[in-house]
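Below: one structure in structure tokens.
Order of writing sets the labels: A, B and C. Residues in every chain begin at 1.
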Amino acid sequence: MSSMLAFLQRMADYWPQVLSGLGNTVLLAVIVTITGLLGGILVFYLSLSANRVCRRLTEAYISFFIGTPLIVLLFLMYYGLPQWGVQMSPLTVSIIGFTMNVSAYNARYLATAYRGLDPDELQAARAQGFSDGQVFRLITLPQVMRLSVPALSNQAILNVKDSSVAFLIQYTEFFAQMQDLAVRSFRFFDAYLVAGAVYLLLVSLVVLAARHLERRYVLPGTRRREP
Amino acid sequence: MPLLTVRNLIMTYEGRNALDGVDFDLAEGELKVVMGPSGSGKSTLLRCLNRLATPTSGQVIFQGEDILRPDTDVRALRQRIGFVFQHFALYRHLTALQNVTLGLRKLRGMSAAEADERARQELRRMNMVEHERKYPSQLSGGQKQRVAIARALAMDPAVLFFDEPTSALDPLMAREVVNILQQLRRDGVSMLCVTHDLYLARAVGGRLLFLDQGRILLEGNAEDLFGEHADPRVRAFFRQEREERAPTEAAP
Amino acid sequence: MDFLQILALLFKGTGYTLMVTVACSATGMVVGLAIAMLYRLDWRPLQPLLRTFTYVFRGLPVLVLLFIVFFGLPNLGLRVPPLVSMMLSLGVIAGAYLGEVFRGAFDSVDRNEVLAAEAMGMSRLQVLLHIELPQMLRFAVPGMINEFTTVLKYSPFAYTVGIPDVMKEAMALSAATLRGVEIYLGVGLLYFAIYKILVSAVWALEKRYRVPGLTGH
């Protein structure tokens, strides 16, 4: 369609903004995938604690952040906290909010994988004389991580898609830039369609990476679990 | 002084006495086999001795040390005991070689090269060195158990504990493991073996202890227990085991 | 105004939140069932189309699709009302995910029972409706709960197209009273409560229609 071509030309004119927006999207998605994974491992570790209070609190944390919309958390920090004098940049708010949310989900995936572990192996490790920390680090974690690759990589895909939510708290990521272009050109349909196509491309890249990861790290002799 | 002395070991679990006053000794280089019906407390006994379970009362002296003291270094104790499980319990995300070197590297602080060499020694002894790169899922039951034994031996333990080592194996593979135990006995390794496998108990030699309802009813040699025994419970156990295993038990 | 009053004001939006959630979930069910059943009927030319559809709608962010439908389609002369926009975006995306859930659940149905029904003389469609579907739905319950709660958690986007749900109430209240923290905390608790009730309701429904021995319960 000629209208689409015209729009794409317009987009090319605004190339620097669009690129910076894309960069911000990737930045947020990558940071949050990493912090969400590390956070998830930490929360998962806490959920295994011998201390019952610790376990209960961790379960409550996971339950709450799985049951509450991400956007509410972001709005709370971005629009709410300034009224208490705490002002944070959209990126900071996004990173904190996403991390808390994503680590809860990741912890849940790791805990599910944990239920599939052979308790004898953990007992053998303790029988060898490994400390609880060593058992976690050398046996539990490597195995749950490998079993969780499909679920964890799905979460990475979700992080890319959900980064668009940050647009609503004024983070100038890719969707925000496309919105800007849409308003300037009045070509809303074209702009959002192109935006959608770009997200599909980004997601496809992650899917390819995930498939590669799954092939490399699946435990030999185990069936692939559907996420 | 014996390597291991157990006196009046009691373990109460859910109102019952899983162990009801167990007494026995194990000398250096000796092999003892503990037999008994299910629920007799056999597995509980082993787990109390390396503190995977905590006994309610009693005394356990290992290498001259009282190991039931609250300030016992349990991890150090466990490193001196090699434990072989019924279902092998190999770390499935590691190769056979890595299964054996893990303890050497992380508990003994050996370098990767040293650990590999020591591990290969034990794997060679178990005839498993050609399979060192394989994962547990790629090994047969007998092969897995051999790797498990190598893993235990590599740590140079003072004693080996076997928890039903042949019960998850078919008769052919069980024979492999029995041969290994016989070899280890010839090499002078101290061993305590818990089992209900009659073939294993007879073939491997050593003293037999019969455990029932948490108590050692008697201790003796194979002939003493396998013959027509006075105690009806002992007779019943051996008769039942013989009947269940009869079709597969050929004369050695 | 104390916290409870804030909650009461927010509560006004709950009806719309539930309406959006239910509408989008229902759309998802329809779309998901259609996809899964079309897959099941095994018409070769259709498979790549279904796969593409699923891939595309699982790869698009909800917000982007919503904007395409509500703000974009008018460019093509199509004005879509807010609720329908939500259904065509969040609902269809939910449908793509549910399609995968149902596909997996269909695979859990015993092949032999299908063969027995066909041997009886039932048509393919009859077998699908009377044998496979009832079992599949029961296997799919955990996946459905997962997806419905996800729909609930994306429902706040409705405010961007003008639906006066909890989120919209919160933003209005926040602008008026400047008590953002309490308000959004209240919003979080409200959504969490709805989430818990929704999950319990679905499990209660599952229990009502449970077949002993089928799903391992």
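We adopt the following convention: contacts are C-beta pairs under 8 Å (C-beta built on N, C-alpha and C of every residue); 3 or more make two chains touch, one makes a residue touch a chain.
A quick note: this is a predicted structure, and the numbers were derived from the prediction, not measured.
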Most widely separated chain from chain C, with each centre as the mean of CA atoms: B
By mean Cα position, the chain sitting nearest the middle: A
Mean-CA-position distance for chain C and chain A (Å): 21
For chain A paired with chain B, centre-to-centre distance based on mean C-alpha positions, whole Å: 47
Distance from the mean Cα position of chain C to that of chain B, given in whole angstrom: 55
Overlap residues in chain B, where contacts from two or more other chains coincide: none
Partner chain C, residues of chain A touching it in the complex: 64, 67-73, 75-76, 79-84, 157, 161-162, 164-165, 167-168, 175, 179, 182, 186-193, 195-196, 199-200, 203-204, 226
Complex contact set, residues of chain B against chain A: 50, 52, 75-79, 81, 83, 85, 87-93, 102-103, 106-107, 135-138, 148, 151, 155
List of chain A residues in touch with chain B within their complex: 118, 120-121, 123-131, 134, 138-139, 142-143, 146, 219-222
Residues of chain C touching chain A in the complex: 56, 59-65, 67-68, 71-76, 104, 149, 152-157, 160, 167, 170-171, 174, 178-181, 183-185, 187-188, 191-192, 195-196
